[in-house]
Structures are given as C-alpha cells and as structure tokens.
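Take a look at this one; I'll ask things after.
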Amino acid sequence: MEFAAEKYEAVIGLEVHTHLLTRSKLFCGCAAGFGAGPNENVCPVCMGMPGVLPVLNRHAVELAIRMGLAAHCSISGYSIFDRKSYFYPDLPKGYQISQYETPLCKGGHIDIATKAGTRRVRLVRIHMEEDAGKNIHQDGTSLVDFNRSGVPLVEIVSEPDIRSAEEAGAYLRELRNILRYTGASEGRMEEGNFRCDVNVSVRLRGATEFGTKTEIKNLNSFRFVEKAIAYEVARQIETLQAGGRIPQETHLWDPDREETRPMRSKEFANDYRYFPEPDLPPLRVPAELIERIRAAMPELPADRRARFVRDFALSDYEAALLTEEREVADYFEAMLAAGLGNRKTAANWVMTEVLRVVNETGAPLAEAVPPAAETGRLLKMVEDATLSLNAAKTAFAAMCKSGKTAAATVGDLGLVQVSDEGAIAAACDKVIESEAGNVAEYRAGRDKLFGFFVGKVMKAMGGKANPKVVNEILRRKLADQIASGGSP
Amino acid sequence: MVRRRCYDLATMAENKISVDQVRHVARLARLELSSAEEQSLQADLSAILSYVDKLNQLDTTAVEPTTQVGEAGTPMREDEVTNRPAPEEMLANAPAREGHLFRVPKIIE
Amino acid sequence: MELCRLTIGEARDLLARREISAVELTRACLDRIAELERRLNAFITVCAREAIAQAEVADKRLDQGGAPALCGIPLAIKDIYDTRGVRTTCASKILEKFVPPHDATSIAKLRAAGAVFVGKANMDEFAMGSSTENSAFGPTCNPYDLQRVAGGSSGGSAAAVAADECLAALGTDTGGSIREPASFCGVVGIKPTYSRVSRYGVIAYASSLDQVGPFAKTVRDGAIVLRELAGVDPLDSTCSARPVPDYERALTGDIKGMRIGVPREYFVEGMQPEVERAVRAALRQYETMGARTVEISLPHTDYAIAAYYLIATAEASANLARYDGIRYGLRVPADNNIELYNRTRDRGFGAEVKRRIMLGTFALSAGYYDAYYLKAQKVRTLIRRDFEGAFETCDIIATPTAPTTAFKIGEKTSDPLQMYLSDIFTISVNLAGLPGLSMPCGYDANGLPIGLQIVGAPFGEEAILRAADAYERSGAIARRPPAI
C-alpha cells in the first residue's frame, strides 16, 4: 500500500464558508447572532415574503474586503450579485443571492508551515453570499427555522494546491487564524460558522492533468477534514490500483464509521440558472475605501509571528504557538508591557501555565486566568528574585481562582522568597553541622550529595530561600570547609 | 410613413422545444404538469420561441447587456439590528407549524 | 352630483372647506361599488369597514386643518401591494388567503397622506397579462362595454376609476400594465421612470421592469398622487434618491416650443384606423397649441416584445420560486417536499403564470442562457440607445397607447402570442426605464376610449405631465364617463 501511495500524489482543494461577524444580516436588519428561539430573528425580507427587497450591509462588505486583503487577494472595484436558483425548504426565496462571475476578491494566497518548509496555497476567489435557514429533521417530517437565513457568508475557494491531509489541516488553521485576527469571523467549526467542503483527487506523480475529483461534505471539525482526506486518498489509490475508475461524485463524511459514502445520486446535476440580481445595483468599491481598510488592518498572524521572532528572540515554534490565537498573543504582549525583561520566561509561562489553565477549565482566556498585567507583575517578582519560580506557580494557580492581585496573593500565602544572606548562611551552617558524615563523603568526592544539602537547606527555610543564593553560599561554605580541611 | 408588419407567421411552424425539454424545464421549475399541459405548453413555448428568434437578426457582438436601468451608486445600510423578534406575526400565514417552527413533509434530495 | 364622480382636485377643496365629509365621500364610493361590482368585478376584496374607519380619522384631521394632500380621498389598490392586515392575493389561488404582516412603502406613504383604501383591485395573476382575464377571481369588465376587457394587468384599478368607484387608484406597470388599461378604460394612467417610486412591498413580477403608478380621472389628479408616491426608500436599493419635484406645480399649461417626437415605427399595419386617426388629431391639436412635431425613428421597436418576454419571464421565474407552500399561501398535501412544491405550484398557478415561468426558466437554463436571456439584455441596450438618440431631437414622444380599443372578453385568450403583441407600443418604454402615461384622446364608433401615450426622457415626468395636462385642458376631447 505504501509503495502504491508513493506512485501517486493527492490533489486537494478546499472550499470554506464562514459567517462574517456582523450584528445584523446581509440584506435586512435582523440580528445575525445565535442563540435566539426559533424564528425570532426573522422578518419579511429574510423569510422571502412576497414583495420584499434586499439592502446590502456595509460592514459585511468591509469585513469581506478585510478578509481579501489579509489573503493577498485583489479586490474588485466592480462586482455584481447573482441569483442562484434551487428549491430547498431552508431557502426562502427559492434562490440564494450570491456572486458568480464577478467575485469581490480574486486570486490571493495563504502560506502554510509544513514539515518541508513554508508552502503557498493559492486562492481562486472570495465572494459574498447569504446563508440559508436550518432544517431540523424529525420522523417523517421536518421543521424549518429561518434565524440563519440571510446571515452574511464569505466563500473562500482555494486552488487544488494542497497535497496532504496535514497540509489541509495547516491551511484551515491558518485561514481560521487570519479570519480571527482580522475580526472578520469567529471561525468555530463546531458551532457551524466555519464550514468546509473538500475536493480530492489523485494522480500519478509527475502527471500534469487532474484526476476525477470527489467532493466531500458534512465535515465539522479539522480532525475530520484530515481523516476524511486521508481516507478518500487511500480509497482512490486503491481503486485505481485495482484498475477501477473514479466517478465524479459527492460524498458525505460519516463521523461514526469514519468513512466517506456517496450521496444518493441526484437525478440531475443542479442547474442553478445564475443571472445578475436585478434588485441590487452593482457593488462599486472605490480605491480609497480599500486603502482605508488596508491602513486600519490589524497585524496579521504571519507578520506577528515574524515580529515575535525578530523582536523577542523567540523560536519559530514558540512564535507559532503564541500567535495561534490572537488573544493569546495579545495576552503575551500585555504581560511584557508590565516591564518584564525576560521574554523567554514570559513566553514559556504563557505556553505552559496560562494555556494549561485555559485548556483545563475550557473557559475563555479572559475568564480563566488573571489579567495579563497581573501575571506580568507576578513574573516580574521572579525576575527581581522576590519569588521563586515554583512559588510563582503556586501563586498563579491561586490567582486564577481568587481573582486577587499578585502582590496580595504572594503576601497571603507567604511566598516571598528569602534572599537574606545572613539567614541563609545560618541555615547552611546548621545543615553542615548536622550532616557531618555526608559532608565528609562530599569532600571525598561524592559531588551528587550537593543537591541533598540544597534540599535540606530549602526545607529548613520552609522552601522560601532563593535557590541561587543558597547554591552560592552552600558551595562556598562546603569549599571553605574543604580548604580549611578537617572537621571543626 | 413606413408601414411595417408586427410579426411573421411563417416561422411559427417549427417545433422549437421538445416534450422532453418541457418535462426537464418543468422539473427545474417544480411544476407537476398533466400530459395535456405538457402538450399545450410544448405548442405555446414553441410558438413563442420561434417568435423570439427574430432577435438573432440583430448583431449584438459589441453590445453590453443591460441588467439594470436604475442609476449608478451602491446604496448600503449600516450594520444595526433594527428588527424586533415577532415570531407569531411571521408564522401567521404558515400552512403548517409546530410552535415557532414551520412544518414541512419529509425532505428528500 | 354624486360625490364619487368628483376629481381629487375638486374633492380636496370641498373637504378642506368641510362642505363634504370624508365619510360621506367614502360612503358614496362604497355605494357605487356595491351597485356595480356584480357586473364589473373590479375588486377582489372590498374593505368597507376599514375604509370608513380611515375616513373617520381623515375627518378628524380635516377638522383640525393643515391636513395632508390626500386626506380623505378614496383609492383602489391593485391587489399586488402588500397591505398590512388586509388579504393580498395577486389574483392568484396560491395567495388566496395571504395576509401580509407589513405595508408596501407606497401604501405607507398613502396612509401618511391620509388616503382611504376602498378595496384591493382585480388584476391579471401576478401581473402577467394584458386583459385581467388571467385572474383567479374572474375577469374585470370594461365599464364602457361589459362584453369587453378592461385591459391588464391593472384592469381592476382602471375600471374602478373609470366607473367612479373611487377617485384614483394604484396600479403597476411592467410592460404596459397601467397605460394599456388606462387607454381601454378612458382614464389617465402614469408609469413613472424606473426607480422613481419604491418597489418595496410590491409583489414582484419582473424586478428590472416593474414600476408603481397611479390611475386618475385627470392629469392633475395623477400628478397629485405621484407626488405622494415618489422618492427614495431605504428598503429598495434600486430606488432613486433624486429629489421629488412638485408635479402639480409643473402643470403650467405652457407647451410652446415643445418638440414632440413621433416614431414612424409606431404607425403599423394592423392598427385600428380610428386609433390612428384620433392620435393624429391629438398631434395636430398640439401643434395649434404651439408645440412642434418631429418625425423620429426607434429602429429596434420590432424586437421589443421578444426581448421583453425573455427578460421579464426570466426574472419572474426566480421571483415566483418563493411560492412553495412552506411559509405562506396555498399548500397541497404531499408526502415529501418535492411533491409539495410540484403539486402546490401546479394547482396554485394559472395557465399564463405557468407558461411564463416555463419560458423564463428555459431562457436561463444551462445551454440557453446566452442565446436567450443574455441576447435579450443586449437588445435591450439597443432599444435604450434608440430612445437616447431620439431625445436629442425632441422633448417628449407621442404614440398610440394600444393598437386597438378594448377587445372582447375571450377574443385573445386562445393564442398567448396574440395577447403579447398588443403590448407593442408600451413595452419599449419599460425596457428603457422611461416615464410614460396614457390619457384619453378620443372614442371609437362603439364609444370605446382611445389612448394617447406620452413618453419622456429619464426623470422627465414634469414634461410629460405638462404636455398631457395642456392637451386635457385644451378641451379638444371632453371626457365621456361610461354609461354604466
């Protein structure tokens, strides 16, 4: 099987639909958010009642442009909307207002990190369209809710530049990241506001023509996208190896059995009968507007990663981890603003302590951990040697639960580190005195015992001694003893 | 004054659309036609399509299509929620409902 | 004289002086409706109770003084306008019980102007027709001859005004549906420039052609109503933001030097000789009033009907896809959603509607889009250019409104194409989006009205209204109300 797999390469293209983060719908003043009771966020327009007309949401256009700029697309100064006709209970007008021949954004690319380095996935287009409502299936009947009907969508179509399931996952993650960074979208697949259809085909390596593609739908997590691609690639290779052909089909992903199955074949391929939407004038986007949006763009993930590497001397890996979620990167930078000198420590702290709490509690960052400034102050104490790293961890855990400040928590728990050389020296003396036998063995060459002595001193000081100072003083004293030779 | 005929009956005789095509179009339009309707629509549509064939007398290769006759400009609305929930009103005309949901028979592809 | 025979111009003075009350005026119209409806069938729904209630409110405002322009004026509303709380059927079985939860913008504006709605007027189903014979509620008869059609698709509105069942009415015009029935019923019918009046709440037939407009007994009345309707609407993206002139002010009576274009292509074989004679007489009358006639050519006239029936039906096929039995309207019992659509739409739509949906669907379908829909839109450009060229040498264009006077009920129903061809003079005006009106310019030997059409340049309503008003006031033709 692996031998066969080497002969072939997978050719994958992805189509992503995502909701734009607007307050109201694309063509009417209904709320676009979720959580309302059925058919509460509807009006005659988004319900397709007789006589209604669409009016375009300005902010949706700006978000779509932002998305296009972030993906390096060229923004069309003149694009039109089209009617895409088909009958389905969740489509109230019997047509969807979309864009066909003249999408708002053309071309573009998304760069992804792969094992082989950075790869560029080109985009075909990004266009705007309205979403349909939702069907809820019951036995023998269906119920329709139009709350989602009319919510603004962008459709992002990639060229078939992706070559593996892993690359597809990387592409989706970067795309989602860009969407979140630009504020264009939430990108939560599980909540249904980030949907992905996959086109998969295979061909012999070195071939220039494409094989027949299978379209896979019903994927609602990145993991399932990767699994479905892997499954489908394997299936196609196996079929071709056995001398079979791949018919052009649409498959549904079955998440329980983790396989793809062909959809019940439709009698006719859909003839959408696209024609220009007569109720909407052409969308004219002046160059000044595009420039204004470009100038106001938030820093994009790739740029932020590069800046973290350059300015904070972080590794590529660290930078990638910290910038994966915009709010995490924001948190990190806010921590540094508390005056921390050691970026590495801060980075590590975020990657370990902060993210751990977030993952464990499942709560949003803002609720799970203390404000970035407070965490920054906590780590400043470590930098100032007021606090040991371990004590900081204890304090942090307490702060997450209590919501108190760093200073208050450290005070309450009595975690302040002791660096007083006199106190430490006295403790060292006591330990050396009571461990005479071990001291002799240390002097005889058993260096490993040093850690044992450190531990004893720390215990005697209730764990609050500054380890560095302990090390220094203990080493000196033990050396002194050696130098002075013989027992006291 | 130049006198002109409105139309030329001679071209009407051809069958411009077959019964199969009529059935296909009826499926696209979700109209369940009786066979009598299929026949009469085939005749009517053939006659009309023969008539509209006259457009091919005109050379339009260099002509842009008109999709709108309104004025230029793209009116847009601000992103504000201006509608209040009113599910009872929106469902008042529902032929079948369950609570605030529209009920439809089983959905097949 | 009976109050229902008043014009708006006359009634508003009497109402303002409180010589008559709005309730009296509305009652007079309702009585007239009750007297005539069995014979005329101009209304699908008569709103007697609501009308009296509106009239009572109007009287209170009139008592206070400073009442709005149409306060207390009874109007008929073509049943294509969404009227909140009042059944709106579009003359179709598929909407027989539909009650809209909102008003069309035009309705809201008329309400704000204080108008009274006496009822929802009959029409061709979904505005598809030229005779009001395609209504699911029976045809409307011509008040001048009950054996003849009132025209369409706004036949009910035209007949109601002609028969004095109301003082004015609202119609819509997509290919001539205000002008042609106005011509057949001997009243004034105005189709403004496309985008002059909001289409929000007007049940859509062909989105790039539909336009709202009034029927009235005089040009001045029409101008008064149009002034209340026109203007920008944030609910309609295609509606123009141009300021609305005071159309009544434009009726100065002065048309000296106005150049009237007369297109040679509009005087064709097959036209009723009396129609041609009456229109030419009107043109001579214009010349005695100081206007000049100029021969012009609109060379692509012959192609307008073909282009229209591809564009309008294509748009309609999509506009009517929402009638699926799910959220409102007729639902025929079915086991699954496909059956639901097929049966509901087959039983709910009449034959002409089905024909146009089929034609439009075909014109957009894969493989045929370029040859039919796209081709038609290109020819539309040529037709627009014809008019642009013509308006360089003239200020308005005058033509007959229809090739004949009102034909007999049933005369053209067996041949759809025959029916389509009666739109020949009005249809180009919709394709080009221009303003046009029809007014009576004579009567044939059977006493049937003949209509003169006046077409203007884009947003040239003032010019066509001024010209029409001047002709009307010249006394060349005295309006002969129907004997009914």
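Here the chain labels run A, B and C in written order, and each chain numbers its own residues starting at 1.
Heads up, the rule we're going with is that a contact is a pair of C-beta atoms (placed from the backbone, for glycine too) under 8 Å apart; a residue touches a chain by one contact, two chains touch by 3 or more.
It should be emphasised that the depicted structure is a prediction, and the values quoted were computed from it without experimental measurement.
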**OP:** Would you mind checking which chain's C-alpha centre is most distant from the centre of chain C?
**Re:** A
**OP:** Grab the C-alpha centre of each chain and report whichever is closest to the global C-alpha centre.
**Re:** B
**OP:** Starting from the mean Cα coordinates of chain B and chain C, work out the distance between those two points in Å.
**Re:** 22
Original post:
At what distance in angstrom does the C-alpha mean of chain B lie from that of chain A?
Top reply: 45
Original post:
Taking each chain's centre as its mean C-alpha position, how far apart are chain A and chain C in Å?
Top reply: 58
Subject >> Shared interface positions of chain B, touching two or more other chains >> reply: 28, 30, 67-68, 70-71, 73-75, 77, 90, 102, 104-107
**OP:** Hunt down the residues of chain C that sit against at least two other chains at once, touch-wise.
**Re:** 98, 101, 208, 234, 237-238, 317, 321, 324, 326-328, 337, 341, 361, 365
Original post:
Mind pulling the chain A residues that touch 2 or more other chains?
Top reply: 44, 47, 55-56, 87-89, 142, 144, 146, 271, 273, 278, 281
Subject >> chain A - residues contacting chain B, complex >> reply: 22-24, 28-31, 36-44, 47, 55-61, 80, 87-89, 135-137, 140-146, 263-264, 266-268, 271, 273, 276, 278, 281-284
**OP:** Please give the residue numbers of chain B that touch chain C in the complex, ascending.
**Re:** 1-7, 17, 21-22, 25-26, 28-33, 37, 41, 44-45, 47-49, 51-58, 60, 63-71, 73-75, 77, 86, 89-90, 92-96, 102, 104-108
Original post:
Which bits of chain B are touching chain A when the two form their complex?
Top reply: 24, 27-28, 30, 67-68, 70-83, 85, 87, 90-91, 98-107, 109
Original post:
Which residues, counting only chain C, touch chain B once they are in their complex?
Top reply: 97-99, 101, 194-195, 208, 234, 237-242, 264-265, 267-270, 300, 302-303, 305-307, 309-310, 317, 321, 324-331, 334-343, 345-346, 349, 354-355, 357-359, 361-362, 365, 372, 374-382, 384, 416-417, 420-421, 424, 431-433
**OP:** Sort out for me which residues of chain C touch chain A in the complex.
**Re:** 81-82, 88, 90, 95, 98, 100-102, 104, 199-204, 207-208, 234-238, 314-315, 317-318, 320-322, 324, 326-328, 337, 341, 361, 364-366, 369, 373
